[in-house]
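Pasting the structures here.
Heads up, the next two complexes both have chain A, just with different partners, chain B and then chain C.
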Partner chain A sequence: MTSARFADRAFHLLGLTVLVLALGMLGALLVDVARDGLGRVSWSFLTGYPSRRASASGLLPALAGSLWLVGLTALMAVPVGVGAAIGLEEYGGRGRLARLAEVNIANLAGVPSVVYGLLGLGVFVQVLRWDRSLLAGAGTLALLILPIVIITSREALRGVPASVREASLALGATKWQTVWHQVLPMALPGLLTGLILAVSRALGETAPLIVIGALSYVPFVPDGPRSPFTALPIQIYTWVSRPREGFRANAAATILVLLAVLLVINGLAIVARDRAARRRSA
Partner chain B sequence: MSRLAQRARERVIEGGLAVCAGLSLVTTAGIVAVLTWETVAFFRDVSPLAFFTGRTWTPLFFNQQFGVLPLVAGTLLVAAIALATAVPAGVISALYLSEYAPPRVRRVAKPALEVLAGIPTVVYGYFALLFVTPWLQQWIPGLTGYNALAAGLVLGVMVLPLVSSLSEDALSAVPPGLREAAFALGATRLQAAVGVVLPAAWSGVSAAVILAMSRAIGETMIVAIAAGQQPRLTASPLVPIETMTAYIVQVSLGDVPAGTTAYRTIFAVGTLLFAGTFVLNLCSDWLRRRVPGAVR
Partner chain C sequence: MGPTLPSRVPSALSLAGPGRAASAAELPPARMDVRGLSAWYGQTRALTDVTLPFSANRVTALIGPSGCGKTTLLRTLNRLNDIVPGARVEGDVRLDGTSIHAPGTDVVALRRRVGMVFQKSNPFPRSVFENVAYGLRVNGLRDRREIAERVEESLRAAAIWSEVEGRLHDSALTLSGGQQQRLCIARALAIQPEVLLMDEPASALDPIATQRIEELIHTLKQTYTIVIVTHNMQQAARVSDVTAFLWMGTLIEYGRTEDVFTTPRERLTEDYVTGRFG
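For the complex of A and B:
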């Protein structure tokens, strides 16, 4: 075997090794968290309130806070994001303004999340006086995921063939009738998947919430959008920073809950896509 | 519906959609406005020269010093370790996936790498502090509990999927004719990949690397948890340091009263962070737009 052939084989092996190592890291992470935290996951942990004693602590306020946050964030970001995507994709011309909006959205997607926290702190907390409420947190997260919502929605809309629009317009439908009755239903599977994935980003975000001043000790379940709150990632961070062993087990258990919620949401995305695709073909 | 009413409705909807699209411009304007407002106020109290060239950062102490260099050094150190991990691993796995891997492997490996990118960063922080650091301490005696090394390595794992998938996109966009020409001349897959495909995809791969750098600089939770909170001007990856992002988190968690100079530091540091990542993102975007396969 010539040396060039040998190098070729060696690189093949190297590539495979790197890939296996990267995925091995994922495996190590999951095993490590499961080993540390599985023993703490119980019904009383899920439905309990934070406590100074690690073994008596629960994460109900964080769990409820996270669900509130995701719901409110979706409520704010989805209509605006899909609207913006339709505006840019279906109505937007090739003008300078459309181009500017496009470059701007790509740039916003690259802004560090902690900077969105500073934006939320300046606008929602200080100027609008929403304080450290769920509303301020959700508003911040909505702005954070908006570029992702717009980008994925535009991709879904782009997947609808132009002939569908032309046929609808040729039959005398208006632009909006075409979008509402033809384009949106056809783009629905892609839209749903993209939207769910974007919204699930909001679930794992920590830094912006800390910056707007979300509390780390909340012994109650939020009762409305103006309520102060904590969230699963913040709870994880608080418990990781405590030096005592028991709190770290709590952090690991909370990570398991967070990953489980993410898994369920991503599963929903797949189911939603499949069902929407089936309904269309029926 | 009358013709006129229908036309009015169409106009209203179109206007509404335009407002939605415009909101993203308002977001950018908002970020710039908030950062500028507070940073200008900050520089009324602290001279820019002291901020950019000072070597001590102690805004929270009695003897306040506002030299941002230790935070910048900490950020760059962690980012450098992350890139030293993610760039070789990412480019090699991209070359493997685009030039070697059978479709079956690619179908499994790509979504698996996406999972790596979807894990919340606070989880990576936990992993860096409580798994990677203790493991590294077995081999490196002087390693402290908080350090740049573990944080940087885990950060590298986090940005690896980004480098890999963007590089792979760039490699796959190289016209097959170039590869075939190399094969026809008797090149092996490696010779074609490294000698022809990689140089042709150069701009796309650099775009991926620069974007990864921007992500590494802006990432917060991994470094806030695992790298420590001690601003220190050092190149040693073994001791606690503090990054710009971790500092913002530290102040946010404390009880620094709003309106003080110490409080405004987070906006000054945030502005620096925003400006740095913005320039990197623009560079990356510009490189990505270049035609793939164009011979330099």
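For the complex of A and C:
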């Protein structure tokens, strides 16, 4: 065997090992959580309210809170984020200002989420007086995922070939008509991928919600955007920090539910993405 | 080449010199008129002081080696180069006597009058029908029957109707390369432009598809003023009435196609059309 082929084999093996290691760790984590929590997942757990007794507790308020949060967050972040991406990509020049914006957005994506929590606390909770509402939480999360939405949306827009824009413009379409009728539909699969990433991030965030004062004991389902709320990660955090054994099982069960919600939301987005991609290339 | 070049480059005025006065007079008046046009991409000069009329209902071929500025010239005629970062022009281009670079020019309206077909066919990833209807819709046409009529009319004019009649609602991407290019021509014709710009429209096609496009160009010149960029000398000789030879961003020679190909005035032109370089 030549040394080049040996290196090829070795690298192949190394890659496989690393992959197995990563997946194995994830698997072990899942199995551990499932062993602790699977027994607690039941209809009454999903539809119940928090209680002083672990075995009587449910996570409906947290589940509902998380769904509300994700919906509102997407509602706020997607139009602004995609709009910003269109502005930068389709209308923005290649000048110094555009580069400055680009660097700043990339940096914002790396800011710790607690900092966004503090920003949300200052702007939404205190200045805008949205209090500890879903609206304040969603606003904070929207700020947090905005850089991700912008970056992935720009990537998606950049993937649309210039020939399509030129064809449209050459037919006497305005820039906006070109973006709306040709560029956006073609970028849709990419935009949805970005949305999946961003929503996954928002769903799992705990720190900024704690900072803006999401409650840990919520015995009701939110009835609107101005309602106080809790969310699944916060529920996990609360239960896991209790000393009694039963609550740990509750936390593990909540983790499973959170993962399931994540999978369902991502699954829906992936189906939508593939349908959009098929329609474009049929 | 260097030092002797300036003497070979004719000034704009010498184009209408005594030798060619007769043939120039045979050409109909210019629909588009390029005057003293220079173009840059950033610091790179792509065109230098080009002056060239495009006669109505004639096919003008722009020929020259790669990078000579043919495509740049073509893309300044509908100001599509505006969207290229760092691109700028000096000089003037007139459409029916009105400058298209004047401040306040409605570029969208200009592009409705000056249509374009690209080198690589670029249909939208939609149905055949929607590809042609798009230009009508963005121009404000709403009446479904009128759109359907104009779509059929355009597809017929582009000699592709019989091939797509039964599959109007199939994706345009299922058509063959030659069909896609004729669909792109139909799409450009649908908005009834006055001038049709074609950037090597047959360079990616096989000989049979190429022949169909060339026949189509013959028919279309009765209605349109056509400017075509081509790398193919035979094609230029076959389809065009007037040929302009560009070299390194400069217009070297311009005249009736048969004159340019058989009795070129410039040595450079002769070398190029006979295949000695380029």
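Keep this in mind: the second predicted complex is superposed on the first by the 262 of 282 C-alpha atoms of A that agree within 3 Å, B and C clash if a C-alpha of one lies under 4 Å from a C-alpha of the other, contacts with A are read in each partner's own complex, and residues count from 1 in each chain.
One rule holds in what follows: a contact is a pair of C-beta atoms (placed from the backbone, for glycine too) under 8 Å apart; a residue touches a chain by one contact, two chains touch by 3 or more.
Please read all numbers here as calculations on a predicted model, not as lab measurements.
Trainee: Based on the shared chain A superposition, would you classify chain B and chain C as clashing or fitting together?
Mentor: Fit.
Trainee: With the two structures laid over each other on chain A, which partner does A:Gly204 touch: chain B (first), chain C (second), both, or neither?
Mentor: Touch status of A:Gly204: first partner only.
Trainee: Once the two complexes are aligned on chain A, which partner has more residues of chain A within touching range, chain B or chain C?
Mentor: After superposition, B is the partner touching more of chain A.
Trainee: Given the touch rule stated above, what does A:Met186 touch, chain B (first), chain C (second), both, or neither?
Mentor: second
Trainee: In the combined three-chain superposition, what is the angle centred on chain A between chain B and chain C, taking C-alpha centres, to the nearest 10 degrees?
Mentor: In the superposed model, the angle at chain A is 100 degrees.
Trainee: Which partner does A:Ile150 contact after superposing on A: first (chain B), second (chain C), both, neither?
Mentor: first
Trainee: Just checking: does A:Tyr237 make contact with chain B only, chain C only, both, or neither of them? Give me first, second, both or neither.
Mentor: first
Trainee: A:Glu166 contacts which: chain B (first), chain C (second), both, neither?
Mentor: second
Trainee: May I ask you to decide whether A:Gly213 touches chain B, chain C, both, or neither, giving the answer as first, second, both or neither?
Mentor: The answer is first: A:Gly213 touches chain B but not chain C.
Trainee: Output check: A:Ser55 vs chain B and chain C. Expected answer is one of first, second, both, neither. What do you get?
Mentor: Once the two structures are laid over each other on A, A:Ser55 reaches no partner at all.
Trainee: If we overlay the two complexes on their shared chain A, which of chain B and chain C does A:Ser42 touch? Say first, second, both or neither.
Mentor: Once the two structures are laid over each other on A, A:Ser42 reaches no partner at all.
Trainee: Determine the nearest approach in Å between the Cα atoms of chain B and those of chain C after overlaying the two structures.
Mentor: Across the overlay, chain B reaches chain C at a minimum of 7 Å between C-alpha atoms.
Trainee: Enumerate the residues of chain A that count as touching chain B in its complex and touching chain C in the other.
Mentor: Common to the two interfaces on chain A: residues 174.
Trainee: Enumerate the contact residues on chain B facing chain A in the complex.
Mentor: So the residues of chain B in touch with chain A come to 6, 9-10, 13-14, 16-25, 27-28, 30-31, 33-35, 37-38, 89, 92-93, 95-97, 100-101, 109, 112-113, 115-116, 118-127, 129-131, 157, 160, 188-191, 193, 211, 214, 217-221, 224-225, 245, 248-249, 252-253, 258, 266-267, 270, 273-274, 277-278, 281-282, 284-285.
Trainee: Within their complex, state which residues of chain A touch chain C.
Mentor: That would be residues 93-94, 161, 163-174, 177, 181-182, 186, 280-282 of chain A.
Trainee: For chain A, which residues are in contact with chain B within the complex?
Mentor: 4-5, 7-8, 11-12, 14-16, 18-19, 21-23, 25-26, 28-29, 32-33, 36, 79-81, 83-84, 86-88, 91-92, 100-101, 103-108, 110-119, 121-123, 126, 143, 146-147, 150, 174-176, 200, 203-207, 210-213, 216, 233, 236-237, 240-241, 248, 251-252, 255, 258-259, 262, 266
Trainee: Provide the residue numbers of chain C that touch chain A in the complex, in ascending order.
Mentor: Chain C residues touching chain A: 78, 80, 83, 85-86, 108-109, 111-112, 115-116, 118, 120, 122-125, 134-135, 138-139, 171, 173, 184, 187-188, 191.
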